[in-house]
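Two complexes, one shared chain (subunit A), two partners (subunit B, subunit C).
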Partner chain A sequence: MTARAGGAPRTDETPAIEVEGVTKRFGTHGALDDVSLAVAPGLFVTLLGPSGCGKSTLLRAVAGFVIPDAGRLRIGGRDMTREPPHRRPVSMVFQDYALFPHMTVRENIGFGCEMKGMSRAEIARRCAELLELIRLPEVGGRLPEALSGGQRQRVALARALAPDPVSLLLDEPLGALDLKLRLEMQQELKAIQRRTGKTFVFVTHDQDEALSMSDRVAVMRAGRIEQIDAPERLYARPATAFVAGFVGAANMIAMQVEETGAQLACSPVAAPGLRWVLPAAAVSSAEAPRRGGAALMVVRPEALRVGPPPAEGFPSIEAEVVERTFFGGRVHLRLRGPGGMTLVAEARPQDSPAPGEVVTCHALPDEIALIAGDAAAPVPPPARPQT
Partner chain B sequence: MLLPALVVLGLVIGLPMLRAVEMSFDTVNLRRPHLAGKLGLHNYDRLLSDPRAWSAVALSALYMAGTVAGSVALALAAALLTRRIVRGRALARLVFLLPWTFPAVVTALVWGVMYEGNFGVINRLLDHVPFIEGANWLVDRRTALGALILAQIWNEFPVAYVFILAGLHAIPEELYEAARIDRAGPFQQFRFITLPQLRYILAVVVILLMIMGFKSFPIIFILTGGGPAGATETLTVLTFTTAFRRLDFSYAATLGILAVAISVLLVLGYLRLVARLDAGRDGP
Partner chain C sequence: MSARSPLLTLWFWLFVAFLFAPLAVMAAMGFRDSGFVAFPIQKWTTRWYADALADRDYRVALWVSVQVAVWSTLLSMAVGVPTAFAVARLRGVVRAAAVAVVVLPAFLPIVVSAIALRMFLGRLGMEPGLSAIAFGHAVGSVPFVVVMLLTRLNAMSPSLAEAARNLGADEAIVLSRIVLPFLSPALFGAFLFCILLSFEDFMRSFFLGGFDQTFPVLLFARLRFGFNPGLAAISAVVLAATMLLGLHAERFLRRRGIDR
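For the complex of A and B:
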């Protein structure tokens, strides 16, 4: 599977990181299965997926801690497949920071520069520069144990940036922080990435983190990249059922395709009496729908509107409100449609119907994604509940 | 709840200690029984001007330093060697721990046979090494102490090995990965990560081995008995021979008090170190 994380800035340049058909097995367990990926310079790319999907292994392969069984790996255009970590122009930020506990913050930050053979004056200047960048100029003389979790994380980032790597690899660096600090650090990380202009490859299993920080998100499952795209596109145009379920909440309705062409006609499997017409552009999977074939219609809860459709021919459905959950500025409605179909819609509290009411719901065609072929095959339950 | 333990300790350790202190002020010498009951500081006076006693203290210090340095170096090498191996790890660790299970007497006898001048394995092996000749290891003044130190190292380095191996395993692998990605080679990783991370454990190990080395007796006594010509007569051996060969129990008690004083200083050093480490672990 090949994916390209480029498109926005400087796509004509040599990719900062290029992974080509990389496969890695640990005993009988296949960690990476023919993964290909190209990351354009200066992008913030996130590898997103559930535990055990291979995202950390891919990152460690780029860092040089894992040598692939097959495939090639280029960094800055140079083949680095079998190069040891210290020969690669990358740095890494670890989940548990991996700060040297016996060294001061300044010594930690300067370590890579020292190993690189930089002079003392240069190291001191670089440390001061980075301490300013992470907005902690006063902690240089402290030991890591005297810092808070967020401060340690920033120092780890500064240490990784110190030797001026081409790319920075971040292995779930915010995993150990509490929610409030994590949100702060997300902004901070993104701001630092923008200021330094370096390529960041970030690993997380948190979809919100991935969507809010990244220029591109690569969704991984079982050692393969399912889709790589800009966060907005990934959310609006999921290419597979797994991506639709893993990234954000989604109503996923199994469909039968009846007609293909400029317009697609299809019926929900649970309610064959209904017939919806969608534009061909609604198809978000690589595979085109076939007449009589299966497909999966993806509608985000906020796109499923309560009320009659504004024009005839828009996909709409009658459903009974089963549950109404208040979330402040919005309510979640759990609906039961024909054939036992369960749907979730979002509404403003003042407009929302009460449980027991039967309402008409509709979705605008450009807010619907249709996944056809093998990509529509049902997947194990996603890591996050669809609320 | 502490009281019963204190009573038992008082009876088992305190009373004999008191008796030894009392005896050090007396003149209990079975060769001169008529002097018994003559109290005073004469044994301490004698100690201060006894070159043999101070030579024994110096030999004890040398023996201690040699065993500590050798044991720590060997244990560190063995622990680094067996830390990352996967195949045969259990066997390798068993091999390194085995000498610890040997009673000191057995160690002494085994090394005695190995050091034997005519048919000992060491000289036999040296027959095949050009330019190096065998020696009468335990009989020659120049080699006896070194030979004893080697036997002692073999017997006690597993203690250090266990501590150091545990310490190595406690160092997070990510620190090494961070260092590797920062271009640190194996020697720099050892210097900048392994050694600083082991410093507390090494400090504790050194003091423990110092105490063990200073108290050491059976290997020296069995292999050389303090000879040749006092070349291996450490304080513990001198104390023993003064009491049970020369039957001068009062002077032996005085030497014992000196040994206890030195041991107490070492133990105090150990306790201070442990307290400092505990304080360090509690945070800044």
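For the complex of A and C:
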């Protein structure tokens, strides 16, 4: 284990994991569709997406349990596309922990080291070190069934770290825990990742988990990576309608692009009378807006401000408050705009209007993302898997 | 028993009596100093027990039974365990069909299967005798081995083997260090069950035995000359031996902590 000060990712090295054009089909169902991904060493990278999006398949492909139909896979710079699972220097943490029930905690943790041919003394030292790391120094002699869910989770983590792999692959490892324990383990997992400096590839369908823990999040959908970015950027600059809808809440307003020259002007489809001018930097999709083309304007609820715009030309809209829900420090407002447009805003309780009031709302140009072209195609609302 | 309901306690003891009263009567009969089996026992003797233990025929038959039990068990495990692994990999209708085929022999009337085996083995040129009996017993036990192993295999999360492979174990190590230890309670149970099935089998042993008599077959032969306390005595001895073995096996399982 190499301890590293701080959490600054090292990006100048060979990627810990490199996936290049990996495709996998199960029967007629495409599980992975030409996926490419490079994970820099020391990063905490999350594969986020709804169930069936291929995130677990991608993880299992890295581990060697799924052999891709096409594409290449490098781990620590070495080509491992055809390498069997037991010769890949990656450790998996399973959702059901997969602790060996007939072995003690110490034997479980030592298993990987034993397979690497380490000496008994080394294994014992390594186990002690890891039990210390997961703050469970006293459970070494117990069987897994004598542990609580959270303890099992930590032992599974220690077991995966023991053989000093290039990367840890975590397949929804917190899915089986209740909410409180889950939040605790998120902190713990992140802390251990920082302390060990290991590369973590983490799979989840929970966007909060992804945003709060990761250095990078790859949002997946239907076997493809839609966008990979730092959490803040993913939230502020979604590249596709799917990402905007899956990560966080968003007002997504269908637009028609009117002008693309020196200034970018567009109108909501539901209210063609309105015309908003946006900075060119607002475009967050790969594709540039075309004149007369469709686009999607994304405004997060907290960026939709109630009140007249500070200056002329700011995107603003008149809307009637339909519903006001109080959440202590903030209120949620549901508003109806022109053309039946539904908007959601988040405001401070003291300056929020009452239901029935008609207010002017605006958004600051740098808090608006505009998705143009095919990426703006509306997606059915993501079915959140309930786990 | 943690339940304190008097009715339940009564029920429990009735159940125990139902199970063990005939055996107790049999064991007691072995002490009757008379050539006939009858109540009440007026004079007691240990003669029947001494005779039974000294009887060479009994010892020969018991030895045949033990050999048959061991060989048939080894054979049915050798066939049943890999079969269970194979069936466990199947899915859906194919799997249901495979299970049905494997389990079918257990539902055949034993007389029918015994006669069929006799003819079949004759065709193969195998003479009636110890190996024929062992073969017949193995055929009868395989379904139970497969079903017991399959139940345990189904309880095994596929991620266990994957975790081991992921940590650097090849297929052979996964089998020896993960799968077999996980299966050990079922393996041990199946082993014991086969031994007992074989030991108590009469029908197949009768039809497939030539001059080799297993213990139940010998008892049956003796019965034709009338039921005397000697038969009760030897039965009681065998019963005691089997129970000791069973209890020891159970303790063994507990000590290993693998009966869960």
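The working rule: the second predicted complex is superposed on the first by the 373 of 387 C-alpha atoms of A that agree within 3 Å, B and C clash if a C-alpha of one lies under 4 Å from a C-alpha of the other, contacts with A are read in each partner's own complex, and residues count from 1 in each chain.
Definition applied: contacts are C-beta pairs under 8 Å (C-beta built on N, C-alpha and C of every residue); 3 or more make two chains touch, one makes a residue touch a chain.
What you are looking at is a predicted structure, and each value in this text was computed from that prediction instead of being measured.
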| item | value |
| --- | --- |
| Clash-or-fit label for the pair subunit B, subunit C on subunit A | clash |
| Which superposed partner A:Ala146 touches (first subunit B, second subunit C, both, neither) | first |
| Which of subunit B and subunit C A:Gly21 touches, first, second, both or neither | neither |
| A:Lys116 touches, of subunit B and subunit C: first, second, both or neither? | both |
| Which superposed partner A:Pro163 touches (first subunit B, second subunit C, both, neither) | both |
| First, second, both or neither for A:His86, with subunit B first and subunit C second | both |
| First (subunit B), second (subunit C), both or neither touched by A:Pro50 | neither |
| Touching both subunit C and subunit B, counted on subunit A across the two superposed complexes | 63-65, 84-86, 88, 90-92, 94, 96, 98, 100-102, 111-112, 115-116, 143, 145, 159, 163 |
| Subunit C residues within the subunit A interface of the complex | 157, 159-160, 162-170, 173, 177-178, 181-182, 184, 257-258, 260 |
| Touching residues (chain side subunit A, partner subunit C) in the complex | 63-65, 84-88, 90-92, 94-96, 98-102, 111-112, 115-116, 143, 145, 159, 163 |
| Contact set on subunit B toward subunit A in their complex | 172, 174-175, 177-185, 188, 192-193, 196-197, 199, 283-284 |
| Subunit B contact footprint on subunit A (complex, rising order) | 63-65, 84-86, 88, 90-92, 94, 96, 98, 100-103, 111-112, 115-116, 143, 145-146, 159, 163 |
